[in-house]
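One structure, as structure tokens, below. Some questions next.
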């Protein structure tokens, strides 16, 4: 039995395309790197200044000059490139990033994402999220469908938006949803999950179009 | 040719109330020895310009904890609960700036540009009170250049001219901050003679660096 | 992983009428082999974005001489009398851009910024027809981002991923142009396996480079 | 007997200060590097991307990747730093350049410089000149006092200005003149040149203040 986060990470991984540059947000999105489909070569960017990093190094081999955007030790893959923060965001803002995967607190019916603060409760700051949503070619939100039983997909954001821009895709453990001009289109449902369950767990109107196919989560876990 | 100064001397040069840029990303690439010396001398009223406030006990997190700071301009403070607490209590004034905008505002401050025009933050609270320009039918936020009294950098190598190199993700904000302060102090891991760093390996030209922190005695 | 293409193949990819950025400063750091191939295929109607037009027989000067060019955006054409002559005869339309503004407009085009705010050119003919913004009591010219269909770079080393290094003053506009075109083609002096260029020595990340020109057979 | 250009270069060299960053324009200004006073250490920047360059290399030792802004071969001194054009002009525009020495076609009574085109005759382009005048801390114009017998220092520019900014100092083979709020102040006259000669060769009003001292051109030529 796989858990919600693994379902999400596996499904998002199927969005990866060969020879692309991808940024994974901290937390759940980071898991996506474990499920890169076979035959697909992806360059991962970490916004603190590197393209081409991999798994944490063996114990005792950590380099204090080499961490990811979450502060965890990483390794550099052959062909890696390091750069400063201005260059890193020139890549992000300039449209050179093919895809970013970000966590979410809310997405609304217009496809706007909120993921950086809960007023009066927690104000961590936006870090690179606002630039990532404004600049990446595709923005995929990877988040659990509900929080404490409450829908995170809502008619209208009650939290401050991260960007005015519409995200490209929402992947949860229940469904794949695509924001469109007409509204939120339900594209896939998770294995064993009914359309009714998805609709009941969603706080915004979903556009249904005939049969909703079951999402694939077939990709293999890449060995660490 | 530079004469190396001690971390204590560097900390003594920075008066209470100064605005200070600190390189570093969650403490990686931060000038830890000068930070320790600022804590030791009991600095007060500093304005910090940095990507984040790291964690308690790490990087600029030490300055937050020790009460050296009254104002922070950063993109992220979520990894330091003390910053959160002091922000809520009103002890520290926090301006949150998107990370790419922060880098670019510092770059503008260091390169004589009048501001930054970015899509980032349009339609969010970040745009409040700021000018929005319509350029070719699209909206861009006008963000102001950022400069500071001091920039405290962490470098990998420095030569006696102050030419600097950085390693991997420890570069982060350091190279861009080197342009944007009235006084630039670099704390290198290694100090090497002039000519050891090849011209193409220099990431910060020594003409930008006013003082080098010497190696531990 | 890149497959090396010939200079002829590169030239064939660039259609007549395309806008093309060329690295190089008076021919130093220019992609000479692709330039030769463009002349050989008889390219026509190109818009050149480059620092200068070098001299007859050197760098982009060859394209000017061969009649490949109808429009030039550059900071300096004084070293090439043929450019001067064709400008006066109306064969080539020349837009002169201050060198720092040219670099910054290309950087803006490549990094998603809406424009450049600079003091350079205020009160001169360069400001004609452009918006002047008052920021904190000072006048800044709003200069527009520059992008092109192609960027043709000259690099020192390239690895098979397209990571690039440059040597000394041959870098000039190459690194900034790497961000600002829909298709980026690099002509390196040397091609080395992945892993040979250390991450901190990479000046242009390979993800920006679409094609590498192979070594002469 | 030394010629006009050498007088100008020698006098400008006395404006160099220890531990400063200086950009020398193409042509006459380049000569200044030959007369750096003893005990003064200056870093020269070439706007095509290097700080710390020196004399041309020995015959056969030229590096095709290493030239100055005029396209001539140079050598790199120990401690040199190379960078791209965006960084080079961040240095220039950002106020990091202590002094620039530029040639001039005209300077007017308000201290504005024209040095980049003669409409209808020659349009070489401004290259880096507009950024240099706008950004350097001090702008020194090094030019011959007259051209074909006509004054180059004029009441009002007839050529297109390089910048709205007032230059810091004008050095010719006849005089040193400082643009001030009140107008052009005659500071020094060349050895053997009378104030009357300077005034007669100048197309703008000069402010005279008592005795005009003779300019020093004492600095030694630095061995090539």
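A, B, C and D label the chains in the order they appear, each numbered from 1.
The working rule: contacts are C-beta pairs under 8 Å (C-beta built on N, C-alpha and C of every residue); 3 or more make two chains touch, one makes a residue touch a chain.
Owing to the predicted nature of the structure, the values given are computational and were not obtained by experimental measurement.
Counted as hops between touching chains, the shortest connection from subunit A to subunit C is 1.
Centre-to-centre, using mean CA coordinates, subunit C is 29 Å away from subunit D. Mean C-alpha position of subunit B lies 32 Å from that of subunit C. Averaged C-alpha coordinates give centres for subunit B and subunit D that are 35 Å from one another. Each of residues 104, 107, 111-113, 118-119, 166-168, 171, 199-200 in subunit C touches at least two other chains. For subunit D, the set of residues touching two or more other chains reads 50, 76, 82-83, 89, 92-93, 134-135.
The touch graph of these protein chains has some other shape, matching none of line, ring, star or complete. Working note: touching chain pairs come out as A-B, A-C, B-C, B-D, C-D. Residues 21, 41, 43, 50-52, 76, 78-83, 89-96, 134-135 of subunit A are the ones that touch subunit C when the two sit in their complex. Subunit B makes touch with subunit D in their complex at residues 1, 107, 110-113, 159-161, 163, 179, 194-195, 199-200, 202, 205-208.
Those residues of subunit D that touch subunit C in the shared complex are 46-50, 63-71, 76, 82-86, 88-89, 92-93, 122-131, 134-135, 160-164. Remark: subunit C residues 25-29, 51-52, 74-79, 84, 87, 94, 96, 98-104, 106-107, 118-126, 156, 166-176, 203 touch subunit D in the complex. Residue ranges on subunit B touching subunit C, taken from their complex, read 104, 108, 111-119, 133, 135-136, 138, 140, 142, 144, 165-168, 171, 199-201.
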